[in-house]
Structure formats: C-alpha cells, structure tokens
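Note that the chains take the letters A, B, C and D in the order they are written out, and that residue 1 is the start of every chain.
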Amino acid sequence: MIPANAEWLPAGSAGLVALSLGVAVLATAWPRQAHRIGLLGALAVTAWVLGLSALFLHAGPDPNTAATRIALGGWEAPLGLMLQLDGLSMTLLVLTAVVALATSLYSLGYVHDRIERRQFWPLWLWLWAGLNMLFLSGDAFNLYITLEVVSLAAVALVAFTGTAAAVSGAVRYLLVNILGSLSFLMGVVLLFGEHGVLDLVLLEARTEAGPTERMAAVLMTAGLMLKAALFPLHVWLAPAHGSAPAPVSAVLSGLVVTGSFYLILRLWMGVFAPLTTPAFGILVGLLGVGALIWGSLQALRAGRLKSIVAYSTVAQFGYLLVAFPLMLVDPGAWRVVVFFAVVHALAKASVFLAAGTLQHAAGHDRLAELGAVLRARPRTVFALGLAGVSLMGLPFSGGFIAKYLLLEAGLGTVLAGSLIGVLWVLAIAGGGLLAAAYVLRMVASAFHRGRRDVGEAVSPWMDWVPLGLATVAALAGLAGTLTLNTLALTPGAP
Amino acid sequence: MNGLAETVAHTLAPGLLYPTGGAILFALGLYGLIRRHHLVLRILALNIMGSGVFMVLLGVAARGEGAPDPVAQALTLTGIVVAVSATAFALALVVHLTRLTGHAVMLPGPPDDDAPVEDISREAHHADGGPAESSAGEDRSA
Amino acid sequence: MSGVLLLAVPLVPLMLAVFIGLRPGRARLNRLVPWAALPGLALAALAPPGLEATFSSLLMGTHLAVDPTGRAFLGLTAGLWLAAGLFALSDRRDDPRRHRFYVFWLLALAGNLGLILAQDAIAFYLFFSLMSLSAYGLVIHSGKPEAWRAGRIYLILAVIGEVFLFAGLVLAAHAAGQSSLAAVAAARPEGWAQVLLVLGLGIKAGMLPLHFWLPLAHPAAPVPASAVLSGAMIKAGLLGWMRLLPIDAAGHAALGEALVLLGLAAAFLGVAVGVLQVRPKTILAYSSISQMGLMTTGIGLALLLPEARGWLLAAVTLYAVHHGLAKGALFLTAGMQRQWPVARPARAAFALFTLLPALALAGLPFTSGALAKNALKEPLAAEALSGWLAHTEWLLTLAAAGTTVLLLRFLWRWRADLETATDGLDRPRWWAWGGLSLMALLLPLATLLAGPTALPLSVHDLYGSSLLWPVMLGLGLALLAWRGVRDRETPRVPEGDLAVLAEAAWDSVRRTRRRLALPGPWPPRIPARMRALRLGARRRLEAAERMLTRWETIGLLFSAAMLGLYLTLLAG
Amino acid sequence: MDGGWLLLAILFSSLGPGIAIFFLPEHRQGLRTALNLGGAGTKLALVGVLLAGVLRGDEYRFSLPLMPGIDLVLAADALSLLFASLSAVLWFVTTVYAIGYLEGSPRRSRFFGFFSLCVSATVGIALSGNLITFLIFYEILTLATWPLVVHRGTPAALRAGRLYLGYTLTSGLVLFTAIVWLTLLAGAEGFTPGGYLEGLAETHAVTLQVLFVLLMVGFGVKAALVPLHSWLPIAMVAPAPVSALLHAVAVVKAGAFGIIRVVNDVYGAELAIELGLTAGLLVIAAVTIIYGSIQALRTDDLKQRLAFSTVSQVSYIILGVALAGPLGVIGGLVHLVHQGITKITLFFCAGNFAETLGIHRISELDGVGRRMPLTMLAFTAGALGMIGLPPLAGFVTKWHLGLGALEAGMPWILGVLVLSSLLNAAYFLPPVIRGWLGERREPWHEPLQGHAGPTRFETHWMLLFPVVFTAALGLLVGLFAGLGLSPLGWVSLIVQRDYSLPGFGL
C-alpha cells in the first residue's frame, strides 16, 4: 500500500532533471539574460528539490515505498535509462541545492562583468544540472555521461579566468578527468560484457566475486579516485583551485569531488559489495591516513589561502577513506560517511567563498600579506573561523557530530577486536588537530595587532553569503538525526 | 601442432581478439599520456585509450553468435560522441594555452605561492557598487 | 544581649581601626585609641559569671564566653592596653606615620581581647592570627633596618606558629569531633596534635628554643608596643596552653616534665644571656623570656600534679597578671628616660614608679611578685616530686635571684642615659606609667580581698624568707659583677642569640631564591634552529608535492593504485 | 522537558547579547554596554529564579536529540547551580570591570562578543546534564577563550594563544575519545549522584581505569594539573579581565568541575576508591599544590605569581574531591566558589595596579597602599584568604580539607596543606607588606591609560567597584559560612544528598 503522495515522486525526480536541464539550456540560448535566468532557476530548482525531499520523507519510513525508480521514456531496464531516487541521492540533491544556491547568490556579487556573466552562468548551470543527473541516474553508462558533463563544465569554469595558470590548471584537470572517465568507462564495459546489463540494481543482483568484476572494480575505483582527488591522486586539485574563481572552487571542492566519491560509495555498497576483502579495506584506510597527513602537511606549507583550503579538502577526504574499513566491520557506518561528506561540503564551500571575498578585497590571496584585510573584515574572518570549526570537528557544528559518529564507529571496531582499528581511531582523532593547525594559520593574522585595510569594496552578497553558509554548516549538527533518517530510506543498503 | 592451431584460431575469434587488442591500446595510451609532454600528443594518447575502450565494447557487442548486440553499439556511438567533444574542448584549451605561454606544455604545478593572481571580480566593481560602497564604509569605520 | 556585649569587646577596636584607616588625620579619632580597650576592661570587671553567647552563623559556629581564667586575662590585657595606649598617645604625638601605628595597634588589640573570649577553636585561631599579624606592623613601625630585621624574624616565626596551631587544632578538632576548646581539651590531644599545639603556642609564649624573636622585636618596637607585646600578647600563648593542653584529672607526665624542663631552662638562660646585654629594652626582653619560663614551669607542674591543677592554674594566671602589669610598667619606664624631673617630690615619685615594678618582679615581700611566687610554689611543698623534679621548688626560688641581677643590670644600663625633662613633664605618660607601677601593690590587695575561689591565699603569702634571700643573693652577685666585670658597650652575646643562626639559614634561602628566579611570564619564542628546521621541512614538502605532480608520477601512482586494489581484492 | 525554557533562557541571556555585540560597529559604545550589562543582569535574575526553584525541589530539564540515542541535555541540580550562580555573579562583576578596563581601546566589539560567548559556554558546562553536552560546551569554551587570550595581538599574545590552543585542543581530543568510548560502554547516561558505572565494575575494571586516566588528562589540562599546567602562566599576557575570568570562573574551573562530575556523578566515589583511582588523583593534586606554590615563590611578576597560585589553589578542589569523603568533598566544592571569588579579586587588583600606576612587578609595589588604599585592602583580603586565614573564605576550605584528610585517614594531606599554607604566606605576604609598609621615594608616574585619569576615587570607578565588591564577598562568605545559603551551607546540602550521611560542618 503506497501512500498517496509517493506517486508524485517519479514525476518529481524526472521533473527535477528536466527543470535543471531546461534552465541550463535556456541560459545557454539567451546569454544576455543568463544571470537573471540563473538566479530564478537556482531558486526554482532549490525549491523543487526541497519540495521533493519533503515528499520523499513523507513517503517513508519504509525505504521501498520512498525510493523510486523511473524508466525514462518508458524503456525499462536493461534497455532504458533509469533514474533512481533513494535516501542517498535525495540527501546529496539537497546538499547540492543548498551549496549551489549559496554559490549562485555569491556569484551575483562576484561575477558582474557583462561578458563574463554570459560565459559564467550557462557553464555553472550545466554543472549543476550535471550534478543533479549524476545523483539521480541509475545506470552505469549514464553515470559515465553525467560524469563527463560535470567534468567538462567544471574544467571550463576552472579555465574561466583565462590566465596561463588557469588554463594550464584546467588542462591538467581535463586530462586527469578524461583519464579517469575512460578507465571508469572501461570498467563499465567489462561489467556490461559480463552481465549484459548496465542498470545498477540489476548488476547488483547479478555480480559475484569473479575476475571480470574484480578488474572492473579496480578500473572504475581507480578512475573515480582520480576524479575525487583521493590521495595520492590528488595533485590536480590545488592547481585547479589555485586560479579558479571562488564560486567555482567552492563547487569543485564542495560538490564535484563529492559527486565522484558518491559514485565510489554507491558502487562499493551495491555492485561491488561482494568483492570487498579486509585487505582492500585496510589499503583504502591506509590511503586515507596518508591523505590526512599529507593533505594537512601541505595545507600547513602552502602559502596561498586557496591552496590551503584545497589541500584541506585532500585531508578531509582522508576521513572518508578511513571510514571504508569501518564500513567493512559495521556496514551501517556508510550513513556516517555520507553525513560527513555533506557537512564537509557545506563547510568547505563556505570557506572557499570567504577566501574568495578576501582575495577580492586584497587583490591576491597570499597569506603572508593578507593580514590587513583580515583585520578589517571581521565578518568574513568569522565565517572562515566558523566553517573552520566545522572542519576541525569541534562543537557545536555538523563536523562535531560527524566526527563523533566516525569515532564511535572506529572505537566500535577496536572493541570488536580489530587491532588496525586503533590506527583508524588515532587518525580520526588526530586529524582534527592538524585541521585546527591550518585553520588557525588562516585566521590567526586577523588577531595580530597592525594595519587595517578593508581593501576593495565587496558586494553585500560576497559579504554575507559565506557567513550564512558557514552558519548552516555549523548548525548542520542539529540536522544529524534528520539526515541519518533520510539516508536510512535507501533500499538494499544496510 | 593441432593444439597450437586451435589456440591461434580461438585467439583470433573476435570475442577474445577485440578485448585483448582493446586492453593493449588502453595500456599504450596510458603510457603515451605519461611519457609525452606535448599536450597534443597527450590528447592523442587519451584518444587511443578511448578507442581501446570502444574496441573492447565492440568486442562485447560481437560476443556470441548471431547479430551483434545493438545496445553495445549504441553505447559505442555515444561514447565516441562524448570523446570527440571532450577532445575538441581539450584542443581548444591547448590552443589558448599556447597563445598565452608560447608552447603547448603545461606549467609545473602546484601553483607557486608568489605567482600573481588575476581576479576576474576586481575590475568594474561599481557594477553593483552601491551597497558594496555602503558596506565598505561601515567596514572602514570598524 | 550578652552576644552584643561579648562581640563589642573585639568589635569596638576593629571599628575604630576601620575609621582611622579610612579617615586618617582625624585628631578626634586618635584620642579614642586608648579607650578602645575599655569595653574589655568593663566586661572583666562587671560581667556576670558565666556570660556567654553562641553565633551559629558566624564562621562555622562561634562561641564566646567569659570564664574565670578568661576574666583575669581580660582584665590584665585590657588594662595594660589602656595604659599603654595612653602612653602611646603622647609618645606618638609627633610621629608622621602615627595613623598607621594606631591602626595596627587597634587590630592587635582586637585580636588580643578576642582570643581571650573565644571558646571555640576557629574563633581562637581567628583572633590569635589577627593579633600576631597586626603586631608585625607595630614591630617594624620605626622603619629602621633593625626594625625590618626584627619584623622579618617575628613574622616568619609568627606564620610558622599560625600554621602549627592550625594543624594542631584540626587534628584536635577531628579527635574531639567538634571544635569547642573545652571539647578539644577534654579529648586530650595526643602525639602530633599535642606537639603542634605546644610549639604553635610556644612561639608566641617565647618558649625555648623559639624565643629569639623577643629580644629583637622589643627593642625595635616603640615603647608602648613593646609594653603590650611583652605584657599582654605573649600571654596569649600561655592562655592557649591552659585552654588546649590535657590539663585534667589524669594529668600528663611526659609533657609536664618537658615543659618544666624547658621552663626552668628558659628561666636561667634568659638571665644568663640577659645580663650580657647592653640595651635596656633587650635586657627586659630576656627577663620576659625567663619569667615566661617560670609560668611554663607552672603549666608543666599542673600537668604533673593533677590534684593541684586547679590551684596551679590559678597561680599561673595570677603570675601572668602580675608579670604582665610589672613588665608593662618596666617597659614604660624604659620610655621615661627623658622625663627625669627637677622637683624633689616628683623625683621621689619617679624613683618609686621605677623601682616598684622591678622589685615586684624580683619578688620582694608585699608586692604582687611575692604573692605570685608563693602561690606558684605553694603546692610543691605538699606534693613530693620524684627525681630531679624534686628540686623544682628550690630552682624556682633561685630564679628570683637571677631576676634581681637582671633587673639591676637593666636599671644600671637605663640610668646611664637618663635626662632631665627640659620642657615640663608629660602628664599622660606619667599617669599611665604610675598607674601600672602602683598595680604592683594594688594587685595583691585585690587578690586577697576578692580572692578567686581556686586560690584561697592569705596574708602570710605576702612575705617569707624564701622570698628575701634570693633578692639578697641577687644584690650580692650584682655588686660583685659591678665591681669585677668591666662593662662594655657591645653585648657579649648578640641580641636574639639563636636568631643569628636562623638568619643565616634565611639568607641562604633568599640567595637560592634569587638564583632560581623564574624568567618573565612571556611565552617562549621558537628557537632559531627550530624555525630553520621548519623552513627546511616546508621546502622539502613543496618539492615532494611537485614531484607528485609530474605526469610520470601520476601515471605511476595510477597504475600502482590499480595494482594495489587488484591485489588486495585477490587477497581476500 | 519541564522548565527547560528557563535553562535555555539562562544560556541565551549571554549568548544573545554576545552575538548581537559581534555585529555592533565599534563606536556604538552605549548600546554595547547596555547589551553587556543587560545580559549579565538578566542572567543573574534567571539564575536566582532557578535557585529558588531548585530549593523548592522543582525539576528543570531540557533535552534535544543530536544523534540517534544521544541527546543534548541541560539539567539543573544543586551542584550545577553552585557553578552556575558563581559564574553568573562573577560574570556580572567582570563585565563591569572589563568595560572600565577596556574603555577607549580598540576591537571591543570582538572582545565582548567572545567574552559573552565564553560565559555562555561556562554556564552551559554548569548546566550540562551528561558527558557529551559537557564536552560540547567545554570545547566551545576553548574556542571562545582563544580570541580573548590573543586579544592584545602582540606576538607574545599570539604565541601564548598558540600554546593555549595546543594544550586545550589536544586534551579536548583525548577527552572526546574517552567520552565516546565511555558512551559506547555505558550508553549516554546523564550525570547521576553516585555514578552509573557500577555495572561495569567487575567486567571492565581495567578499561574503566584507563578511561579515568584519559578523562583526567582531558580535564587536567584546563584544571592546570602538573605537568599539564604550562599554558596557564603564559596565558597571562591576556588583559586583566580575561585572566580573571580564565582563572576564577571559566577555563580552570571548567576543568575542575569536569573532574568533580566524573568522580562524583559518573564513576561515583565508591567505585573510584574501589578502582584505586582517587589515590592517584590525590598524589597529583598534592604535587600540583606544592609545585605551584614553589613556582609562585620564584617569580617577581605579580600576574605570573597569581597564575602559579591558581595552579596550586585549583588543586585544592581536586584534592577535596579525591578525598571522596563528605568533609573532603565539602572542602573541595566550597573551594570552587571561594577560590573563584578570592582569585578574581586578586586579578582585578593586579589589573588596577597595572592600569592606574603601571605596576607589574612585586618589587614596585612599595607604598602603593597609600596611593590606592581600597584596592590594596582588597588585595590584602584576597591574599590572606588565599593563605587561608579566618574569617576569609580560604580558611573555611582549608579547615574542611584538613578534617576531610583526617577523616579519610590520610594525615599526610594535612602536612601538604601546612606546607602549602607556609608557601602561600611566603609569596603572598611580601606584596601585602610592601604595599602597606613600604616607602616609595619617587612620585608615581601616573596613569598610562587615559581613562584612569583624575577621578573622585583612586582609580576609575568601574575598576574600583568590582574589586571592592568581590573582596567584600570573599569576606562575607567566610564570615557567615554558617548561614544556610552560604556556599558552605549549599555545598553541605549537596554532599548530604550525595553521601546520604550528615555532612557535619565543624
């Protein structure tokens, strides 16, 4: 017996794809009005997503009534293109909506040159649409396509400023991306060859631990690791961020990378679940520890604000990797991982936006010379600090809750008797200190005594949006239960 | 002798030949991507990898007897389209980069810390300067 | 009502102190200073027997009362402070810092009166420390180096005394289960508690070997201050003993013996060192030490002879009162050097006032000293003491000879710079001084008339050969000494004998402290070497990152990742 | 969650103004002052209401689910009220003082913003009903105090801040881990008198011991237990009100309070003794007491001396708790209040000397009593209180600690107290003596800061009033310790409840 409003879910999710694509197309077709279209579209899409999530939650608590699969154009699997909406994708859609809305508002102030507006908004809307589709699409090949859409849009945005550094960074990013996509595609092909289907659910039903699956898993995972900038394949991240416009960096670190990680997670929860071995978990965990340490060290070294933030992304994704072995012991832990990713995305986006404001005001983002502006812009520094607190995983922030749950899972494995678990616990606990160190590095000079200089005027959007988003990230702690419950509405997942 | 012939024949059967070839192409492409520094060559290498993938896909399509699987071929076509667009985009970027730097080679990353950064939002902040000014004024007083 | 009466005694001086502190330069206030002791005196005289009050909300429950012993001490203390106060008023008339002096004076007075009324450990401790600490202000008042030195030693000993007393009280109170002094005494503090109490109070009472602050503090302090210091304050230790030590039906032989021994030792050593001194007030200080020794002996005897304890305690009290008044008068005498009058009758009075307290201390018949000494020795005749203690009575008698010599020495040195009063006589001083001196005669009368029940004395106790011959002996010795020994201007034994050692220790402590002085509170900067290391690490990290960024590495890592993943997947 | 609104109101009475102040432009001085005092006053009133309610025996509880199975719980019991009312009162005073102290100095909005945040966190700690809530506010406190420590913005201040964060964050992580572990073992229980771990005593004895050590390390840093104390004397570079707050109310007390909670309401005295945990704590506390005093003796800088005296004094609290007998615990808990009042007085005085006459070292104090008699009087009261002379607050503590030690059959503790009192006297009497009896030859080089200029009083009244007030308070709580509502009375109430036997006050 399906509740009445559950019937609206398929239409709702299909409509979401349509809407976001429609907005993108419209903006592309009519660049003169791109920013207005973009703003309206952003509001519309956000509203839509929120409505959808309301419907979705209302359809719960039984995952199978809530989660929905839609065959586009009536072509059922294995032939047709499947959209699927479940707790996981719903959560990430909401996250995307929130971050993207903030970014759009911020961009209103950030990108104001007429020409640039025309170029910026369409690309940005395509990126957003791509992300929505990525989270909704339910079959492997679609995933590849959406991945490509996202990466191409992202690359274009990275190259946006058109400087040598930017373009070079973009090219590196692009090549890496294509390499990743290709190896992902290779994996998809292998799976298709083995089972003749692409739909994830069907695949999940059919896969067992065979050599082809293993090969496919390796190829897809490696490709996605490359795209998700997971240590040690993170090297494109800093250059790409270094010269990208602030909103783009925010989305890149907040959403795009998260999207790729989302794929890894979904694949290993579903299709590749039978393949997992303890050794695999440990390897990924070790990579995570490496990421934590290396990323943090680089963040402590880097001399430019945005590089610091970029490397902190590398470090924070280490947590997600460390969570893998925990998931092997306690499968329920995946929800914690997602929650962590969500919180991180919010915080990281706001940090990048704040950094953008400072960079704009000062005209550069070299930490050593940023003091005067930092001192004169307490609001932005406050946003930086607030989001930083979330990154450190200190109360009262979403980061704290996520950290708590991670630590709980880690200690759980230790109590369950796994020795290596101690390492994970240490990594999870110690990571916070390193985070604290580089966050402190970012804000400390605001407290030095010295010259104050507000620098270039910034639009109120750039002044307030980072603070707002940071507040959201800080208060995400209150949404912990809600998020975890939403995630629980994922059929098949433990 | 006989066994050998069988092996060869079996190897030449499309079901296995294409995948193997594809894999080899993929590996070659990867190697090229790593070894070559000129960006155009790198893009070529990526294309080679791509064709490797598609070759495998076709092999999959041709698996078994009877007519090849239409789905797989559809996928191949889509894939090629995507690859082409990506390549085009990449080439465009490379051209741009060559214009800027004079040669089609990537700058060494990570960005060194004292490189000047152009900030697109710097020029013409008067665009919505009204509120910006006021907020700035308030900041200055602070 | 009774509560108000009892509280008034310490509160009146406190209030006055506050007023003077807040409004210095109010001459009218200063004139009130001596009279702050009046409530105490009135209470001692008029309080109905068994006057007491409990204040449950003060501290952890405070209990004040006037008991017979307390009454005697209260009378002595209040009277002495009153007289000394009058003396001080004119003595300090043109002292720029007199307000400071008065404030400390009043605080010490409040403490001294309060600790007599206090019937529970905490209140006793409160007033005791109030007295000791404010007395410091009196000792260093002159601001001369010697005063600072004396003050330092006094303070150190006082604080140590405080702490010992605190620890002793806590131990005792824990043993007793409650904090009223009666209960504590009834619980018979043993072991550590006992030792701590004896020492803590002994420091104040000038007990050997913790006596050495006296001969430093007395000469340093202004005359009236030394008068109350020696007359009243050091009696606080004695009172504490009487209240806290296990002086009950059972007695306490070991402690008693120890106290008797210490007491007698003090009595004679005090004399021995005292006669070698040159400054009058120092000599008086040593005489105080020896006299306190006699009283300590009295306490010890009370512990040894439980049957006679009532008598002995009363006798000790009497002795304390007598000594307090006489010694106070003598110290004032020391302050009268510039008052040698011209008129003949006045000279007679001057001589009388000077000699009377001296003779009383020496124990000349019909003086307060005579009564006190006899009262103290009375029980010894009856009770037979074993061992060397058998000689106690004789030794006590002999001590009087020493006292005589010491006091002659004092008068001798004092006479040396006697000056005629150029600008008339200072009446208030004369009143105070004369009053105190005459007490030497009035006290025995008062005791005989309104004799305390515990001490049924008769007129016979006012004379006796055992009083006379030591004085004669003393005179003889003094004569020999005066003929034989050539006098020097420097003491043969440094003032405050043991203090020299103590100071050596103290100085070494100071030096070590100066050597160990901490660096300022500024956070340490990172040493240059560390900073260099950090820079190096930065550079190395950057290089490593660049290395990772090279495409060869990327490809390598990519392939490595794939391989690793595959292997781990197989490993399962 | 009946009455929970009251707890929330108490929390927000300082949080709200704090946030408002953050966004206040620098020059809106009047409004800022109004917000500060308004908030402080409101909090005082609300705490008063709460006090009355708890005396009536009402239940106050607020809980908010954070994660499945884990709630944010605010609850008001007698113990939390002890701390809450202390911080409410002292916050009010400190606010007045800070307004006077910072008059005309820059970055005040930031300062008072974090200041209020800091106090909200402290009250949160006081009212938190379980370990996780405690941890949350504890960490917020860490973050909120850092900007205050570095407020001066000098390199020294920055270094001090770095050290402070280093210590506190690390300890915070240890604490975090320990608490998560404990919650895994025993569930997210609320604080319960007598503890809630008996069930695990025999199965997990060793684990519990390890956890206790971790918890103590976590709290020990803020409570400045040797050898985790080094940050405290260095945090002295902060402005005087901050030091006062750090030492008297917020940070140090938070650590001590945490230890109290853990020993009394998580492990429970019986279990703690049974596992032999209190013994170790006792030794550490004793060492800290002596060590702190010796260090204090070694320095000539007034604030540094006060800081080390804090190191030593706060361990009195822990000593009392570790004695784990009624009298000892009375002594410890009551010292929570007494040390707060006394130490805040001393820091205010140090601030006044520095602000008015530019005096920072004890050797410069000669004759200051004649120039600033009231301040010097307050300082004397504080110093004598610290030494533990009646009738000042410190004596009540020392008395009960001594009796508690004997009651627990550990006379050596009494020895520690004696030694510590001697040392206290040795480092607190010299400044007092110099102040009153010393002679100053040259004239005072008068106010460094403009605002302490010629006023009717010896210094700015906003600097003078708090000093006099807290000094008087310190005298009154000692003098009238016998009253039912005095800290002693209140604490005896708590202990009678906890130990279900009459806490007989001597």
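Keep this in mind: a contact is a pair of C-beta atoms (placed from the backbone, for glycine too) under 8 Å apart; a residue touches a chain by one contact, two chains touch by 3 or more.
The shown structure was predicted, so the numbers you read here are calculated from the model rather than taken from an experiment.
Compared with chain C, the chain whose C-alpha mean position is the greatest distance off is B. Chains joined by the most contact pairs: A-B. With centres defined as mean CA coordinates, chain D is found 43 Å away from chain A.
Chain centres here are Cα means. That of chain C falls 37 Å from that of chain D.
Here the spacing of chain A and chain C, counted between their Cα centres, is 79 Å.
Inter-chain centre distance (chain B to chain C, centres taken as mean C-alpha positions): 96 Å. For chain C, residues touching at least two other chains, in rising order: 542, 545, 549, 554, 558. In chain A, the residues that touch at least two other chains are 179, 235, 238-239, 378.
Multi-chain contact residues of chain D, defined as those touching 2 or more other chains: 109, 155. Taken together, the chain C residues at the contact with chain B in this complex read 542, 545-546, 549-552, 554-556, 558-559. Of all the residues in chain B, the ones that touch chain A in their complex are 19, 26, 30, 33, 39, 42-43, 46, 49-50, 52-53, 56-57, 59-60, 63, 69, 71-72, 75, 78-79, 82, 85-86, 89-90, 93-94, 96-97, 100-101, 106-107, 109-111, 113-125, 127-129, 131-133, 135-136, 139-140, 142. Against chain D, the residues of chain A that register as touching in their complex are 378-379, 382, 389, 392, 394-396, 400-401, 403-405, 407-408, 411-412, 415, 425, 429-430, 432-433, 436, 440, 444, 447-450, 477-478, 480-481, 484. Chain contact summary for the complex, chain A toward chain B: residues 78-79, 108-113, 116, 141, 144-145, 148, 152, 155-156, 159-165, 167-172, 174-175, 178-179, 182, 185-186, 189-190, 192-193, 196, 235-236, 238-239, 242-243, 245-246, 302-304, 307, 356, 359-360, 363-366, 376-378, 454, 456-460, 462-463. Of all residues in chain B, those touching chain C in their complex are 30-31, 33-35, 37, 108-110.
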